[in-house]
């Protein structure tokens, strides 16, 4: 019973990290129709920058901000410097982001080397919390808490603000929104920046779960993020959360109980969803 | 006796002149180059075939297949496992088995993937590729023992053709060349056939094709399977050439590399696949001489550059130039 | 036997009823027009007849065969053909290739993988015939995108005709054409489809009354009138719908 509970909490914590990385990807895809294949390496980049900041300043908060800023800026560069010129050409855009997977991945290797970067756990997250008779690491609770806070924030933004309404409208029918005189370009750019920034912050926070992060984890993370977006439904924040938690829990449990399929359970789920419900569990109808 | 060549025949010859020149150069390679260059071109031929099989799907049929390396990998691993773990040493058994597995995978994947369109097709084929990648990478029993997990499968010798013939790097190069020529010709004939032109129509407008009587799903499915078949052939050749196959050759990175080669050489041209493979692999060969660690960076930069400034690849402008010179064009009445 | 028989066809989108209880039939060699104001459901009817959308209820019979749920491409092999309101051509392929693909669409050889397409000389001759009818044989190697809109429209019709269909569906054939070009189009269709069955929808009433023997009037998804061209012209209900119809 205890192990099930621990695994469940671990799965939820992992799911929260996935939520942070997938939310950005989903919004970018929903709003601009771009599958940003570089999203995974942007995630890792944020982690590297954040961890380096933590090492030199000792402040976890600064690390998170630095990671977010770094990732956000790189995302911005890719969008404004390259994707912008390929307006409405879906395939070339996807391919360009793919080129950046190689570029950023190799830059990470060049600058920081191949050794895994160890996680930085701030003192106020050290130690364990007692839950129902067993102990669970406090920093993992922190991850869950951050995820929940972020989810609530996004939900509030999406449902209760004018900006949220514009974004939802933009995902449904961008032409109509522009036709109404609302300039979507700054919103698109903002979405790209924040989506990338959140991912970067998510890595700094989430690295505690993995213990360390290496430069080549970008591709794996990207694929998990895509799986989450597909399963949860493109453009849906709630979908991203649901998909992330689902994947997080399934992945964690399968690693423990069915290791032979653990490596690729989520791809099976993804294929299943794409076959029977291509719009995802909570996505907008295609 | 004066041999009179008609104007028609002259035109035909002219159009194939570049192919023949390149073919001649490739044929005589061992005479004036060393082993490492032979090995490079051997690899170029194998990847050339692989990218050409992808071109059939992407360039001709318009299917955004992002998991193509999976078929390559399935064939390579199947042949490798049969040889290494089950001692099926005869090429005439292990090779067809490898190709067959790739084709079976295409049969299954095709049915599932073709339920989706455009970007979702891309994602589902990507997921399928990663599924295979995960299967060959897992170290858990019993799969891990067969595939070698993330360490890969090694110790695969040259093919055993039976009649006490053993390969050397040179003779294997010619073997690859022979198979490449046969497969390339088959692919070429397919693209020039009614079926091939129908694929192009479907790529341009699926609706129009359907209203003209074409069962577009069937065409896409058949093309998917043919692509998987030739990718499988490339996979079998590769595992014998390299002696070793690892998960790196199967996942998104590998499939992405194929796309890179396809874009570089020009999609929808068939031979562009071979050219793209040649460019990228040659580039890699030279760069590896100086800064092997920076190769992915250079690759990425080249790729982004090509997409940003010219999305047609290198072959189309060359083809246009050649067409202008020989006054030839597409179908002539 | 009727070429086309439609029985109580209905179609809706969401809760909105687009087509309601549509019944009519077309006999061999008839030229029938479908008219009605915008939004009446003309294109939806065309899409249902050609197999792009399944109807919610009702039946469609093509030459006696029940094609209600048959996919588009199989209806074509039974003799149906269709042109689109918006040019739907194989954009980056040459004009000749476009026509060849259209001719090939109903031939078994379209699955052939080894012999080159150039080996099928009869198809090339047929393509030549068709293109010379519209004076476009000279442009056969040009990609479609280099042709003018009027020329593309002609190609759109040519492609539909290439399979020698038993029933030709034309969706707004004169869309975007000048009156001169429309005249050419009528001429072309008259010449090529002399004794074939045509069902077309159009806004241009001159075109309608110069080509159609019978007219079906669609209004808010229902047939409000059917009859000969003369009958429809004098029908008071039709006049009411089309305020300002010229005498």
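Lettered A, B and C in written order, each chain numbered from 1.
Here is the rule we use: a contact is a pair of C-beta atoms (placed from the backbone, for glycine too) under 8 Å apart; a residue touches a chain by one contact, two chains touch by 3 or more.
It should be emphasised that the depicted structure is a prediction, and the values quoted were computed from it without experimental measurement.
Taken together, the touching pairs link the chains end to end in a line with two free ends. Of all the chains, the one whose CA centre sits at the greatest distance from that of chain A is C. A straight line joining the Cα centres of chain A and chain C is 50 Å long. One finds 42 Å separating the Cα centroids of chain B and chain C.
Centre-to-centre separation of chain A and chain B, using mean CA positions: 34 Å. Among the residues of chain B, none is found touching two or more other chains. Taken in their complex, chain A has these residues touching chain B: 33, 35, 82, 85-86, 90-92, 94-96, 98-107, 109-110, 219, 222-223, 226-227, 230, 259-264, 267-268, 270-271, 274-275, 278.
Partner chain B is touched in their complex by these residues of chain C: 50-52, 71-74, 76-77, 81-82, 84, 88-94, 96-98, 100-102, 104-106, 109-118, 120, 124, 127-128, 137, 140-141, 159-160, 162-163. Listing the residues of chain B that touch chain A in their complex gives 64, 112, 115-116, 118-120, 122-124, 126-128, 130-131, 133-135, 137-138, 140-144, 251-253, 256, 259-260, 263, 293-297, 299-301, 303-304, 307-308, 311.
Those residues of chain B that touch chain C in the shared complex are 189-190, 192-198, 200-201, 204-205, 207-216, 329-333.
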